[in-house]
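Two complexes, one shared chain (subunit A), two partners (subunit B, subunit C).
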Partner chain A sequence: MEALLQLLFNGLSVGAVYALFALGYTLVFSVLGVINFAHGAIFTLGAYFTYFLIGGAVGANGLMAGLQLPFALPFWLALPLAGLGAAAVALVLERIAFRPLRDRGSDPLLALITSLGAGVILVNLIQLLVGAESYSIPVETLESLPVALSIAGAKVRTVQVMLLAIAGLLLAALSIWIDGSRSGKALQAVSEDPITAQLLGINSGRMIQIAFGISGFLAGVAGGLVGLSVSIAGPYFGIGYGLKGLGVLVLGGLGSVPGAVLGGLIIGLAEACVPAELSGYKDAVSFGFLFLVLLIRPQGLLGRPQANKV
Partner chain B sequence: MDAGLLEQMLLGALLGLSVYLPLRCGQLSLATPGFFAIGGTVAALLSTRLPALAGSGSTYPITSVLLEMALAALLTGVLALGLGRVVLRLRGIYLAIATIALVEILRVVTLNLEFTGGALGIFGIPQPFDSAAGYAAFTLALLALICWLCDRLEKTRPGRAMAAIRDDELAAASQGINTADTKLLAFVLSALVAGITGVVAAHFLNSWNAKLGNFDASITTLAFVVFGGSRTWLGPVFGGLLLTALPELLRPVGDLRLIVFGAVILVGPLFFPQGVITPELFKTLKRIMLRPPTPAAQGGKP
Partner chain C sequence: MNGPQAPLLELRNLVVRYGSITALHGINLTVQAGELVTLLGANGAGKSTTLRAISGLIHPAGGEIFWHGGLINRLRTERTVKLGISHCPEGRRVLSRQSVADNLALGAWLRRDKAAIASDLERCYALFPRLAERRSQLAGSLSGGEQQMLAISRSLMARPTLLMLDEPSLGLAPRLVAEVMAALAQLHRDGLTILLVEQNAQAALTIADRGLVLEAGSISAAGRAEQLLADDSLQASYLGAN
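And then the complex of A and B:
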C-alpha cells in the first residue's frame, strides 16, 4: 500500500510538471495552430531565473561569472517572479518569431522554424552568459518546511507535494479563467477563428499576446519547480522536457486544456510504473504509449476530431 | 575548403532531400533521423562484425559499402513500408509528432540494446577511403545520382501526383490519384535516402551511437528544407549545404556562432517564406539572363 502510494506521488508530481509544460504548448497552439519550439528554452530560463533570484551565484564559465544578486529572495517569491520573467521573454518571442509571420499571412509551418531559431538563440545565450555547468536550488530555500512528509505511511518529499500543489493551483486558476471570465471566453473565440473574433470586437492580437504571456509564465514556474526538485542540468535541460511535453500535448489532444492535464498525469504515472531495472526504457514507454494512442485515436484522448474540409 | 566539412555538408544535403520527399507530398514527416540511424547502425554492425566484408586490401572495399547500402535500403524500405501504412493516416502536426515519437523510441531502444553498443555505440568502423576527399567524392556522386532521380521524379506522373496531393489532397483524390499509395511512396523513398546516407555517415564518422538520430536532428533537417525551400529538390540541397556549413564557417565569431546560427534560422523564413530556392527564382533569373534590361528595369517608371 505504501509502495503504491509512493509510486502514485512520484508519478503525479512528475506528471504535474509535464501538464504545466503541455498547457503552455496548448495555449499557443489553440490560438495560432502552431507548436512553439522555443517553449523548452523558456522553461530552462525560468529555472535559471529562479536560481538567480534566490541568491544563487553564477559559476565560473560564463561571461557573467561570479555574478550574484546582493539580496536573496525566499523561494515562494522568487518562483512567481521567475515566472513573470519567463512570460516577458515569451512576449518578446511572440513579437520577433511569430507576429511577423502572422502579419504577412505566411504558412504556419514556418513558425516551427522561426521558434526553433529563437530557441537556439536563447539556449546558447544562456550558455554564453552563465556557462554550461549544472546548478541546483538547495532544499534549504524552503526554510522551515521539513524535507520529507509522511502521508499514510508513505514517505514523500515535501518538494513533490509542493510541486503537485502549485501545479494543481495553477491548472485550476487557468481553467476557471478560460471558462469563467470574459477574456477567457475571448481567448476561446480567437482559438475558434481569429478573424471572426476580430470582427466581433475581440482584439485577436492582444489575446495571442496573453496566451504567450501565460504560456511563458507556466513554463517558467515549471522550470523553477523542476530546478528545485531535481536540478538545473545545464542550458539544454529543457529540451528533454520539451519533447515529453509535446508527447503529452498530443496524447491529451491538441488545444485541449483538460487533455493536457490528463495527458501529463498519465505519462507521469506510466513512467513511474516502469521498474528500476528497465529505467533506460522509460522514455520509450511514454513515446510508445503516445504512438499507440495516435494510431487509435488521432485527435488525442480529449481532443476534437479534425474536420475534413472540402 | 576542408574536405571533411564538405563531406558533412553533402551528408546534410542528402538528409535535406530525405525530409523534402514527403514534404513535397504535403506530409510533414520527421522520421528521417530514425532511418538515418538505422542505416548507420546496419553499416556499423556489418563492417565491424563480419570479417568476410573486410576484403584483403589495406582499405575497406567499396563493394562492401555498396552491399551495406543495399541492405540498409532494404531494411529501411521494408520498415517504412509497414510503418508508413499506419502513420500516414495521420495529418499535419499529428504526423510530425508521431514520427518524432518513432525516432525517440528507436533512439532509446538502440541506447539500451547490447549488440548496438549501448550508450557508447560502436567504434572502429573500417575506412573505405584514406582521406576525407575520397568520402566527399563518393558522397558527391551519390548526391548527384539522388538529385537526378528526384528531378526525374518531379517530371513524371508519381512526382506530379505528389505535388497535386500537396496542393489539395481531396482534389487530387477526385482526379483519380491513389493518395494513400503516393504518400507511401514518398515516405519510403525518404527512408531509403536516409538509410543510405546513414551508411556513408557511419564510415565517415568512424563510430556510431544512438545520439546521432535524435529529436535535434529531426528539427535541424526540417530547417534545411524550410530554409532552402520545398518546391524543388534544389531547395533542400541548398539548405542542407548552407546550414551544415554555417556553424563551422562562423567559427571566427567564437562563442557567438550558435547564436548567429539561430538568428539565421529565425530570420530566414521571415524574408523567404517559400524558402530561398523557388521555381519563381528560376523564372526571374531566366528573364534577367535572357532579356536585355528593359527601360522599366533600369528604373524608368512610366
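And then the complex of A and C:
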C-alpha cells in the first residue's frame, strides 16, 4: 500500500511537470498553429533564474564565473520571479523569432525553424555565460519545511508535494481563465478563427503575446520546480523535458488543454512504474506507450479528429 | 477632415491587388449616414474585397478610403471596429466551439458600457427570437440560418455606425432569406447605415436605397434601387435570374 502510494506520488509529480510543459506548447500552438521549439530552453532558463535568485553562485566556467547576486530570496519568492523572467524571455522570443515572420505573412511552418534556432542560441548562451556544469538548488531553501512528509504511511518528499500542488494550482487557474474570462474566450476566438477575431476587434497580436507570456511563465516555474526536485543538469537539461512535453502534447491531443494535463499525468505515472534497476528504459516506456496510443487514436486521447481546413 | 458634410464612408479610386492580380481597378463609392447601399455582382467581381479593404483586413494598393472625411487606408482591423465599422464576413464564421451567448459577448469586445451591452443583447434576442432560445447552445450546433442570425447579431453587438454584410443570404432557404432581409430592413428603418454585399440582387434591391454593380473589379452600373430593379438589361446581364 505504502509503496503504491509512493509510486503514485512519484508519477503524479513528474507528470504534473510534463503537463505544465505541454500546456505551454498548447497555448502557443492554439493561437499560432505551430510548436515553439524554444520552449525547452525557456524551461531551462527558469531553472537557472531560480538558482540565482535564491543566491546561488556561478561555477568556475563561463563568462559569469563566480558571480552571485548580493541578496538571496526565499524559494517561494524566487520561483514566481523566475517564472516572470522566463515569461519576459518568451516575449522577446515572440518579438524576434515569430512576429517578423507573421508580419510578412510567411508560412507558419517557418516559425518552427526559427524557434528551433532560437532555442539552440539560448542554450548556447547559457553555456557561454554559466558553463555546462550542473547546479543544484539545495532543499534548505525551503527553510522550515521538513524534507519529507508522511502521508498515509508513505514517505513522500516535500518537494514532490509542492510540485504537485503548485502545478495543480497553475493548471486550475489557467483553465478557469481560458473558459471563464472574457480575455480567455478572446484567446479561444483567435485560436478558432483569427480573421473573425480581428473583425470582432480582438487584437490577435496582443493575444499571441499573452499566450507566449503565460507559456513562458509556466515553463519557468516548471524549470524552477524540477531544479529543486532533481537538480539543474546543465544547459541542455530542458531538451529532454521538451521532447517528453511534445510526446505528452501528442498523446493528449494537440491543442487540447485537458488533454495536455491528462497526457502529462499518464506519462508521469507510466514512467514511475518502471522499476529502479531498469530506469534507463524510462523514455522507451513512455514513448512506446505514446506509439501504442497513437496507433489506436491518431488524434490523441482528447484531441479532435483533424478536419481539412478549407 | 472635410467637415460635417463629408459622407460617412467614401471610397475614391480604390485599387486592391492580391499579389500580381488586381481585384479592384479603382472603384468609387459613397455611403451617406442612414443609407442602405447594396453592392451586387457575380462571384469574383470584387465585392468581398471591397469590404475587406474597408475593414482593414487587406490594405489597398491605391486610392483612398475616407471615414467621416478622414483617411483610414492603412488602419488595422481592430481600429476600424473601434471607429464603428462592423464587418459581418462571408460564410458566417461563428465561433463554433463557443456558446451563442459567448459569441455575442465577444461581439462587444471593445465596449465597456455594461448596461448598454445588456440592452443591445436583449435587442438582438428580440430581433431574432430563435437566438434567445438557443443562447447556451454551442454556435456550431446551430442551423445555417441561425448561424447567419448569430453572425449579424454579433456584428450588431459592436454597436456599429456602419454595418457591412457579406452575402448574408448565401446558402439559406428562401424563407430564411426573407427573414434575414426583413431584419436588415428593420435595422435600416431604425437608422442604421448598412453596406450589403449580395449575389441575390432581387432580395437586396428590394430593401436597399441604392445599388452598385461590380463587374471584374470595376463598377459597371449604379443607381436607385427601384431603377436597377426595373432595368431589364441589367437584370439579364449581371443580376441573373435569382
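We take it that the second predicted complex is superposed on the first by the 308 of 310 C-alpha atoms of A that agree within 3 Å, B and C clash if a C-alpha of one lies under 4 Å from a C-alpha of the other, contacts with A are read in each partner's own complex, and residues count from 1 in each chain.
Simple rule for what comes next: a residue touches a chain if its C-beta (ideal position, glycine included) is under 8 Å from a C-beta of that chain, and two chains touch if they have at least 3 such contacts.
Given the structure is predicted, the values throughout are model-derived calculations rather than measurements.
Once the two complexes are laid over each other on the shared chain, residue contacts for A:A118 go to subunit B alone; subunit C is not touched.
Legend: residue contacts after superposition of the two complexes on their common chain; A:I35 is shown touching subunit B, with no touch to subunit C. In the superposition on chain A, A:G280 makes contact with subunit B only, while subunit C stays out of contact range.
Judged by the touch definition given at the top, the superposed model places A:G288 against subunit B, while subunit C stays out of reach. Touch criterion met: A:D193 reaches subunit C, while subunit B stays clear of it. In the superposed model, A:A57 makes contact with neither subunit B nor subunit C. Touch criterion met: A:K185 reaches subunit C, while subunit B stays clear of it.
More residues of subunit A lie in contact with B than with the other chain of the pair subunit B and subunit C. In the superposition on chain A, A:N203 makes contact with subunit C only, not with subunit B. By the touch criterion stated above, subunit B contacts subunit A in their complex at residues 28, 86-87, 89-94, 97-98, 100-102, 104-105, 108-109, 111-112, 170, 215-216, 219, 222-223, 226-227, 255-256, 258-259, 261-270, 273. Per the touch definition, subunit C reaches subunit A in the complex via residues 55, 57, 76-78, 81-82, 86-89, 93, 95-98, 102, 105-107, 109-110, 154-155, 158. Against subunit C, in their complex, subunit A makes its touches with residues 182, 185-186, 188-189, 192-193, 195-196, 198-203. On the subunit A side of its complex with subunit B, the touching residues are 35, 37, 96-97, 100-101, 104, 106-107, 109-110, 112-114, 116-122, 124-125, 127-128, 239, 243, 246-247, 249-250, 254, 280-284, 287-288, 290-291, 294-295, 298, 306, 308, 310.
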